[in-house]
Structure formats: structure tokens, C-alpha cells
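In the two assemblies presented below, subunit A is common to both, partnered first by subunit B and then by subunit C.
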Partner chain A sequence: MLEVINLTKNFGNFKLDNVSFKLEPGYIMGFIGPNGAGKSTTIKLIMNLLKKDSGEIRIFGKDHIKHEKEIKDRIGFVYDESFFYEDLSINQMKNIIAPFYSRWDNKKFDQYIKEFNLDPHQKIKKLSKGMKMKFSLALALSHNADLIIMDEPTSGLDPVFRREVLDILYDVIQDEGKSIFFSTHITTDLEKIADYITFINNGKIVFSKPKDEILETYGIVKGDNSLLDTDTRKEFIGLRVTKVGFEGLTDNPQKFRRKFGDSIIIEKPTLEDIMVYSVRSERL
Partner chain B sequence: MKIIISNSSDEPIYEQISRQIKEMIIKGELEEGEILPSIRGLAKDLQISVITTKRAYEELEREGFIETVPGKGSFVAMQNKELMKEKKLKIIEEKLAEIVRESKMLGIGYEEIADMLKILFEEE
Partner chain C sequence: MIALIKKDFKLNFAVKSSLISMVMFVPLLLFITEINDIVRIFHFIVLSYGYILTNIPFKYDVKDKSHLLIQSMPVRKRDIVISKYIFAIISYCIALAFSLLIFTALDLLNIGDSINLSFNDIKETFLAYILISSINLPTQFRLPPKLANIVNVFIYVFITNHFVFIPNSTTIANFLTNTIANNDFLVLIVSMIIYLVSMIISIYLYKTRDLY
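Up next is the complex of A and B:
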């Protein structure tokens, strides 16, 4: 469905370095990482809005530049910055965009606009950030796309509407031929819906794996500072030590259990824990 | 069909699902040939990933509780009567083993437990 192989782009002060991952039909992949990690750059390269230095991007099994037109016809794209004409109304803007898609479904579009409580005659410059995002979503979902690519789609949205978006995404993947790829830093959304998580930091992929496997692998270890010696410290991916004790991320919680028994507490990490501890250790 | 999952439990979510469906089949609440929710529909209803529900169903399939027909969905499999009996006995055996462990810890002997069991059985 979407395959990125050794993708590299050098900006001088930042380098996207040998990025590879693969998304199969029928699944949702969350793309996480701190600000400036390379999420938007990767998405822009996939959409050919930026020229790559090297590497390969294949969408629906085809090269994304050679077959750009037919590929983009089948992609629903939601971008974090508004690229609309501000002086047009929702409907006027839609009328400009719709003809680009061979499978445009106006009925579906009207349905989403209604569902999202948008006024089709409102000027785009009058829309709030959340409303613009809803409009982008409506456009992306109204041409029967097989792959939905979204850059930070839930960032400007309140929790109530974010839940609605998740429900809409579930509806999309009821069809096992469709996939969704989206970047976000709101990892709680992904904890529910994502099948795969690709984690990027500093231009490099840290991992790209099934979410369940990630959450089963890592553990948060908590305990008394007296347990920490140099060897033990090395076992942590990230560690936070305070006066009252330590807390650290490990990808081998069983080892800690064997070594320290019941004198430590091991908890299941969240995706946010994994992201934060991994990024911190990199900056040390 | 009723499935309740807990995000704070130590039991992985796919196991929570497969265990609950298994229990419903063993207790006869789900009958042979009954259709199960689709993998994708169940993921939506439980607000979890498709991979997780898929894994739960694969587990159930491997253990012979359900069958999946491509394009049609998943169904409760024909259950071998003897095998079913064995599975039911296994559930009781596990519970009894727990009671035995607990009794030994509390210093209560076999005779006392046997008497207690007899009384309870007659009362019910």
C-alpha cells in the first residue's frame, strides 16, 4: 500500500536519514515523534511536495513520481496548514478541488459537511482552525480514496471531535482494502486505533512495529535509588532520578524483574512514555 | 454478545477478548454456527486496533473454537462433545487446584474440604 525505502533528504542543518517503513492494506499506521523529528518532511516527500535526495517511495506498488497523477487520485490528503483560498466559501473551494478527482462523491461531501456542522457558504478565512481541519477531512474522505494520509489531523481539535474523527477513521477501515497513515503527537488517539506505530526521532526511524508488540515489549521500572549502580543505569533507554526514587524505560523488563524481584515496580508504558524517554536519552 | 475489556488490566487485550468468547462458547451462550462480529466491526466497537481483534480471532481459530470463512465471516465452530466436556472439566480442575493450594496454606485437610464440598453440593 505504502512503502518507503531508505528515504534520505539533507537540508544541511537537518537530515532525514535512511527512513524505511511499510504499511499493508487494511491497517492504520501512526507516525510519531517530537517536533522537528522529520514527520512533516517525510509526509511532504511521500506527497512529492519536496524532492527527495535518494531512496524509494512506492504507493499502491508504483513509483510515487512516475505515477503521481493516478496515485494522488486515490489518496485523501489532510495537511496541517491550510492551503485554501481564504476569500472563497467552503462550497466554492470544493468546486475547485472536486474536478481533480475521478471518483469524487458530492453526496458524501455534503453528508460530512452536515455531520461536521459546517456552513457551506461560509468564507474560509472566517473558519476556526478546527473547522478548517474538518473541511480538509471532508475533502479527503469524499473521493473514495484507498489511502488516507494526514499530517497532524487531530492537533487543533477538542477531545470530543477527536473521538468523532477516530470513529470516522474506523469507518474507513471497515473496508479491508483501505489504509490510513497519520502523523500526530497526541499519542492517546493512537493508543486506541493504530495497528502500527512508526517512531521517528532526529531524522531516523527508531522503530516501526505493531503497536501491541511495542506496548508488550517495553516497561517502566520504578524503585529506590539505592538499586541504581552504573551497570543498572546502562540497562535503561531513558532514566529519571529524583530525591525520592527513580523511574526508567526499558525494553527488557523481565531482566529487571529477575534481578530485583519485588523491590521494584514495573508498569506498562504508554506510547508517550516511550517517546519521551527515548527522546530524552538521545539528548543526554 | 457481551465483551468488556479493561485497559488497565495486566492481561493483554487480545487475550481478554479470546477468553470471554471462549467462555461464552463453553457455557453455551454462543451456539454452534452462530456468526461472530466482524474483526473490523469489533475493533470499532471496542475502540481498539484491527490487529488486536484479529489476533484474538486467530487464537480462537487455532484452538478450534471458531472458524473463519473468507468473505463470509467468523462462526462458532462445531464442538466435539467429548472435547467440550474435557474443557469444562479443565475449568473446574483449575478452580479446585486453587482451593487445594489455599487449603494447604491455611492448614485445612482433605477430609474437611471434602465434607464442605459435599454439603455445598447438596444445598445448591
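Up next is the complex of A and C:
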């Protein structure tokens, strides 16, 4: 469905370095990473808004530049901010966008507009951020797209609306031929719906794996500071030491269990834990 | 391609306030201007309308970053560029028709001096318009939208000033208005060559540009 192979883009002060991952049909991939990690840059490269230095992007098995028009006809996109013509109304904007898509479904669009409580005559500049996001979603879902690409769609939204967005995405994915690529730094959203997680930090992919495998592999080890020596410290991906003890992320919790037995506690990490500890270790 | 042209057309006429200001522009100009030559005012109006119509869609790129939205839809970068060049010609035709309509209406209402236009007036405005667009459009496709708009205003003012207000002041303007304007075929060929070269440059610039 979406395959990124050794994608590189150099800005001078920031480099997206050999980014590779693959999203299969019928799955939701969460693309996580801290601010400035390269999430939006990767999405802009996929959408051909930025020119890549090297690497390959294949969507539906085809090169994303050679078959740009054909590919984008099957992509629904949602960005983190509104790029609509703010002076126009919802209906006027829809009338501009609809003719570009060969599989545009007006009935579906009207259905979403009704479901989202949007007034088609309302000017876009009068809509709240949440309303704009709903409109963006309605557009992305109204042309029978096979791949939905979303750049931080839930950032700045309240929890109730965030949950609504996730429910909509969950409905979309019931059609097994469709996939969603979803970038966010709100990792709790992904714990609910994602099948795969790709973690990017500082322009490099840390991992791209099934979510369950990630949550099974990693562990948060907690224990007394007396257990820590130089070798043990090296075993952690990220480590936080306080006066009362240490807490560290590892991708091999069994090794710690064998070494320290019941003198340590091993907990399952959240995606946020994995992200935070990995980023901290890079900064050390 | 047609959807892109339609989009620019809709953007120009979607907002009522810009329509009203376009209609009011001529009477207001006649009222405040000190230029007595009504033909020169006609030239100025045609060039200004053409410029405004071509540039309103670009203004949205500055205000709303809408170029990112368009580029994310099923369109090729090459088609975006070609559609703008086609729309610029359409804009000129609309500007010309609209100006003729307004000046005829003013003539019938006995407002201002009556105007006697020749085919040369249309050729001159067309040449100047092609020149403005041929320089302006590549800047729109390469520079960041805000900077491109500033540069474009300067180009528009510079060329309009030389063609309309001091038409014999420079060798280029003199050459264009007197030599070429007297040869219909040459006008068409020169304009088309300039315009096509500009379009090819724009396609290259836009294809290799990063959009933010």
C-alpha cells in the first residue's frame, strides 16, 4: 500500500536519513516521534510537496511521482492545519475540490457533513479548529480513498472530539482494502487504533513494527539504585535515576529478570514511555 | 486542468466584496485621476484588471497556504503551471471585455470623455500584459508566496508605468509600442515565444521547488 525505501532529504540543519517502512493494506500505522523528528517532512515527501534527495516512495505499488495524479486520486489527506480558502463557505470549497477526484461521492460528503453537524453555508474562517478538522475528514473520506494520510489530525483537539475522530477511523478500517497512515505525538490515540507503529527520532527510524510486538518486547524496569552499575546502565535504552530508585526502558526485560530476580519490578510500557525514554537516551 | 482553471475562476468571483471593488474601480479612478488621456486610462484599467484576476488565486497561497492543499490533490505540478498560464490569458480576455463594457456604459451615461479605441490599443495592452505575466508567473512558481507577491507588484508597477504613463520613455517600451505594435503577426509570434519560454521555465522551477 505504502512503501518508503531509504528516503533522504537534507535541509542543512536537519536531515531525514534513510527512512524506510512499509504499510500493508487493511492496517493503521501510527507514525510517532517528538516535535521536529521528521514526521511532517516524511508526509510532505510522500505527498510530493518536498523534493526528495534520494530514496524511493511507492504507493499502491507505483512510483509516487511518475504516477502522481493516479495515486493521489486514491489518497485522502488530512493535515494538522487548515489550508482551505478561508473566505469560501464549506459548499464552495467542496465544489472546488470535488471535480479533482474521479470517485467523488456527493452523497457520502452530505452524509458526513450532516453527521459532523457542519453548516454547508458557513464560511471556513468562522469554523473552529475542531470543525475544520471534521470538514477535512469529510473531504478525505468522500472520494473512496484507499489510503488515508493524516498529519497530526488530533493535535489541539479536545478529548471528546479526538475520540470521535478515532471512531471514524476505526469505521474506515473495517473495509479491509483501506489503510491509514497517521502521524501524531499523542501516542494514547494510537494505542487504541494502530496496528503498526513507526517511530522516528531526529530524522531516523528507531523502529517500525506491529504495535503488540513493541508493547510485548519492551519493558520498564524499576528498582533500587544499588543495583545499578556501569554494565547494567548500558543495558537500558533510557534511564531515569532519582533518590528513591531507578526506572529504565529496555528491549530485553527477561535478561533483567534473570539477573535481578524479584528485586526489580518489570512493567509494560506505554508508547509514550518508549518514545520519551528513546528520545532522552539520544539526547544524553 | 479544467478543474484547476475553474478553481481560479471561482476564487476570483466567490467573494462579493472583490467583485464590487472591481466594478467601482473605473468610476473611482476617473474621478480621482489627473490623466486627461482616456485611452491611457483604458490601457491602465485593462492591465490592472488582468493583473488582479491572475493574482487573486496566488494571494490565497499567501493567506491560507492553499497551494499545499492543491498540490495534495490529484494534479501534476506541470498541470498546475499550465493552468495558470491559460488562466492568465483568460484573465486578459475578461479584463478587456469588462473594461470595454464599463467604458461603453460610461460613454452612454456621458460620464467622462468619450473613448475612441483602435486595434493597436488592444495589441499594446496584450503585449504589456504578456510581458508582466511572463515575468510574474515564474516568480510565483519559485519564490515563497509572500515574497513573490511583493516582487510582482513591483514588476506590474514598472511595466504598467512604462507602457501607460510614459510610453515613449524607454527604448524597450518605444520599440514595443511603435515597431511591434504595427505588425500584427510579429506581435502574436513574439508574445507567444515569450509566454512559452516563461511557461517552460515555470514548469522547471515548480517541479524542483519545495513547498512549505
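Definition applied: the second predicted complex is superposed on the first by the 284 of 284 C-alpha atoms of A that agree within 3 Å, B and C clash if a C-alpha of one lies under 4 Å from a C-alpha of the other, contacts with A are read in each partner's own complex, and residues count from 1 in each chain.
The rule is simple: a contact is a pair of C-beta atoms (placed from the backbone, for glycine too) under 8 Å apart; a residue touches a chain by one contact, two chains touch by 3 or more.
Source: prediction; values computed, not measured.
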When the two structures are laid over each other on subunit A, do subunit B and subunit C clash or fit?
fit
Under the stated touch criterion, which partner chain does A:Asp73 make contact with: subunit B (first), subunit C (second), both, or neither?
second
A:Pro25 contacts which: subunit B (first), subunit C (second), both, neither?
neither
A:Gly55 in the overlay: touching subunit B, subunit C, both, or neither? Say first, second, both or neither.
neither
Mind working out whether A:Gln174 is in touch with subunit B, subunit C, both or neither, as first, second, both or neither?
first
So in the superposed three-chain picture, is A:Pro120 touching just subunit B, just subunit C, both, or none of them (first/second/both/neither)?
neither
Considering only the touch criterion stated at the top, classify A:Gly130 as touching first (subunit B), second (subunit C), both, or neither.
neither
Who touches more of subunit A, subunit B or subunit C?
C
Can you report the vertex angle at subunit A, computed from the C-alpha centres of the three chains with subunit B and subunit C as the arms, to the nearest 10 degrees?
150
If we overlay the two complexes on their shared chain A, which of subunit B and subunit C does A:Asp212 touch? Say first, second, both or neither.
first
Shortest Cα gap between subunit B and subunit C in the overlay, whole Å, is 28
Would you tell me the residues on subunit A in contact with subunit B in one complex that are also in contact with subunit C in the other?
none
Name, in rising order, each residue of subunit B that touches subunit A in their complex.
10, 12-14, 38, 40-41, 43-44, 47-52, 55
Note: in the complex, subunit C contacts subunit A through residues 2-3, 6-7, 10-11, 14-15, 60, 63-66, 68-69, 71-77, 79, 208-212
Subunit C touches which residues of subunit A in the complex?
44, 47-51, 68-73, 75, 77, 79, 81-88, 92, 95-97, 99-102
Footprint of subunit B on subunit A - complex, ascending:
26-28, 166-167, 170-171, 173-174, 176, 192-196, 210-212, 216, 268
